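Per-chain residue numbering starts at 1, and chain names A, B and C are given in the order in which the chains are listed.
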Amino acid sequence: MSLQFVVDGLLTGSMIGLGAIGVTLTYSILRFSNFAHGDFMAWGTYATLAVVSAIGAMVGKVAPIGPLSFGWPLIVALAVGMAFTALLALLLDKVLFARLRSQGQAIIVVMASFGASMALRSLLEFTFTSRPTYFSRAIQIAMPVGFGIRITPDQIALLLLTAVLVLAVHLLMTRTQTGRSMQALSQNAALARIVGIDVASVVRVTWVIGGALACVAGVMIGILVQIRPFMGFDMLLPMFAAAILGGIGSIPGAVLGGLIIGLAEAGAVQLIGAEWRAAVSFIILMAVLFVRPIGLFGVRER
Amino acid sequence: MSEIVLDVRGLEAGYEPGVPIVRGASITVKKGEIVVVLGPNGAGKSSFIKAIAGLVPITGGTVFLDGKDITAAPAHTMVRLGLAFVPQTENIFPLMSVEDNLKVACGILERREIPARIEEMYTAFPDLVRQRRTAAGNLSGGQRQMLAVARALIVHPKVLVLDEPSAGLSPKFVSMVFEMLAGIRKSGVTILLVEQNAKAALAIGDRAYVLVEGKDRHEGIASELWNDPVVAELYLGQRPLHAEKGGGA
Amino acid sequence: MDLLGYGAFFLTTALIFSLVTLGLNLQWGLTGLFNVGLAGFVAIGAYTSALLTTPDDAARLGGFGLPILVGWLGAMVVGGIAAALTGMATLRLRSDYLAITTFGVAVVVQLVALNAQKLTGGPFGIGFIPRPFGGLAETPLLFNLSNLAVVSVVTLVAYLALEHLSRSPWGRVLKALREDERAAISLGKSARFYRVQAFAVGGAIMALAGALQAHFTGFIAPDNYLPILTFQVWVMLIVGGSGSNLGAVIGSILVWAIWAGSGTLTSILFPPEQQARAAALQIAAIGVMLCVILLIRPNGLFGDRPRRPRFSKRAKIAAGESSSGS
């Protein structure tokens, strides 16, 4: 068994982890599992792709940055895409989730997210067809880094980006008033209001963070694999499994859970074949639910 | 006559429309006072005080704080308006450290002011200093109550409102909590509290109201109320009075 | 005559959907258990029955050439066991965990259907599944009508049984548990066992529906059981009104009529190369419809879920939000 699976696993794990942050935040603060989260990823990716194409049409071909496969337009487009996805999440909350939440039955919101997921994904399929597409068709040369491991410059850049984003979110959650408000709301919503926290604004921040990170995860998939309307939906099970494995509500847990699942998937692909990849998250999910349903960093619900 | 901080008139409130729990209750709290609201079980004391804090929908009557109408103000704006509420249970964030519990309540303070304000709270509640990094869920019952009160006081409220601060505490902590409240009043904070433990509350209170079936039925000087036969009757619920008083929206 | 044949064919499909919806109504409508992987349970039934009843095939395990009724029974048993296992894993936890797990079950069943060639025939599926009235295939009308008769009888039996169950003490316990999730969890083992039973019976009914469908078309493949199936059935239940068995049946027929009708419409209106996109738009429209119904008429046509929100902690969050004008 070659150690190459470590790099593959860390990359998959980064994508899962970034997505799982949004899932875990939505679950702990808004108290529902959002089945549309994967489709936020896909919408963000297509939005980013659209902006890249628009920039390309305006300024012509742009040289890639150093050894990377993409140039500044993708970076600009990613920022736009993140903002777009955040707005999409806010919009969906306003027209759908917030109204259903006010009826007080959390599971109805889950069902609505399932319907929204179907609608969002099919709209992408309608607009862009189900044919896969790519940010760049250029083939990157993977550099050997020892122990039989090869890695491309894109992969290094994206791993670094993940690390920076995770650190940023962690600091936001633990060191800022906004983050403390989010923690407070997830622990005791009524008390959060009593101490002066505006629930509506914390909910908005939650959607913005979740949406923006979903976009980044989607664009990573787009750069390293391909862009399809189903790209986010296929990530849903690994993301949920990662969030539960890490312990609902825990940002470091979601990321660690994502990395564990990514590594397990990459290892399984080498051992039993790529076609069984999707079963890995399910097996891990079941194991967690039977052995330690609160996850690695979770705390018992009150 | 000292100025009125909190003026509640004919308050009606309840979780569901048509099913009021508070049915026309009126009280006033003057600056620097400790006012106690007493009443038998199920009198709507807790709902009354939660309605003032914006946590139970108000269907009639008015609440004025420092001359300002706060009847319709949402709960999260209360601290900014000057009303700090300490719920009876679940009044701390169990997974956050003691210090973060204090910090998270400082949303309305100037950023520069916060560290000094937290230190002031530690000075006032020295028991909390040693525990500042501890998750609040690991504190003892009395320490939790201190933290909850410190968290409410940190924003310089015009009135501190407490829902049964002694509930569920061991006798040792009960006297500690009431001593603490008496101390807080000495520093000039106005206090409104609802209490089941009438004797201890009346010992530190200035004035008191008796709430029965969602209405205020009796008012008096705290120290005199303990021996007032009307109160005993209302409180023990031996002969419910049907006379209307203070009602109407 | 052709129209009558089509009518019978349409109704047969709609009634098979009704059967799935009835299973879901037992799980969700009556017991409040959220199953977003029901396509997986339908697939389990279809494949089980196909394996048991098809003639021997050298390329894969089985078939065992058993009678069709044995296949249906087998489907119910395997589907029920799969659902019971899923329930046991998750029902002591919050309802979202069940949702996520059932979602995972559907993914894994799909994966097995696609990849375990020895068992399921892989992407090409299983053919030559015996049909109850295969001898009548020469005269399509008679064939369609006899299929309709069989499916009608099975659906009617399931309907009557479920009506009886929901009025029985067992059904009343389930309803009581549905109203209070926290109580249902804290009541511990006995309450959980009730819920596992309901989930298993619901799973068995779905599996039976899958088996019926398999024997009705004579051929199954993995892409019959995509998440879109789960979604369709949910829309059927929500439109009909969760909690009502009658609603489940009528909702299924109504939604299947809309679905089939709009499908026919798109195939007429759009050129062949645009069909896939038009189908996507159709799904999107139905997804929006589901959300709209949840928003404006959460009880559907016949539902019995309480309208008045309970004043729970969660409701209070929402109240806080609305009062602050989000």
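The working rule: a contact is a pair of C-beta atoms (placed from the backbone, for glycine too) under 8 Å apart; a residue touches a chain by one contact, two chains touch by 3 or more.
Not measured: the values here are computed from a predicted model.
If you tally contacting C-beta pairs for each pair of chains, A-C comes out on top. Of all chains, B has its CA centroid at the greatest distance from the CA centroid of chain A. Taking the mean of the C-alpha atoms as each chain's centre, chain A and chain B sit 44 Å apart. Remark: chain B and chain C have CA centroids separated by 53 Å (rounded to whole angstrom).
Separating the centre of chain A from that of chain C, both taken as means of CA atoms, is a distance of 30 Å. Residues of chain C in contact with at least two other chains: 311, 316, 319-320, 324. For chain A, the set of residues that touch two or more other chains comprises 190, 193, 198-199.
The set of chain B residues that touch two or more partner chains comprises 54-55, 74-77. Those residues of chain C lying in contact with chain A across their complex are 32, 34, 36, 89-90, 92-97, 99-101, 103-105, 107-108, 111, 114-115, 227-228, 231, 234-235, 238, 276-278, 280-288, 290-291, 294-295, 298, 309-322, 324-326. Residues 27, 31-33, 35, 94, 96, 98-108, 110-112, 114-120, 122-123, 125-126, 129-130, 185, 189-190, 193, 198-200, 203-204, 233, 236-237, 240-241, 244, 275-276, 278-279, 281-282, 285-286, 289-290, 293, 301 of chain A are the ones touching chain C in the complex. Of all the residues in chain A, the ones that touch chain B in their complex are 177, 180-181, 183-184, 187-188, 190-199, 299, 302. The part of chain B that touches chain A in the complex is made up of residues 53-55, 74-80, 85, 87, 90-96, 100, 103-108, 151, 155.
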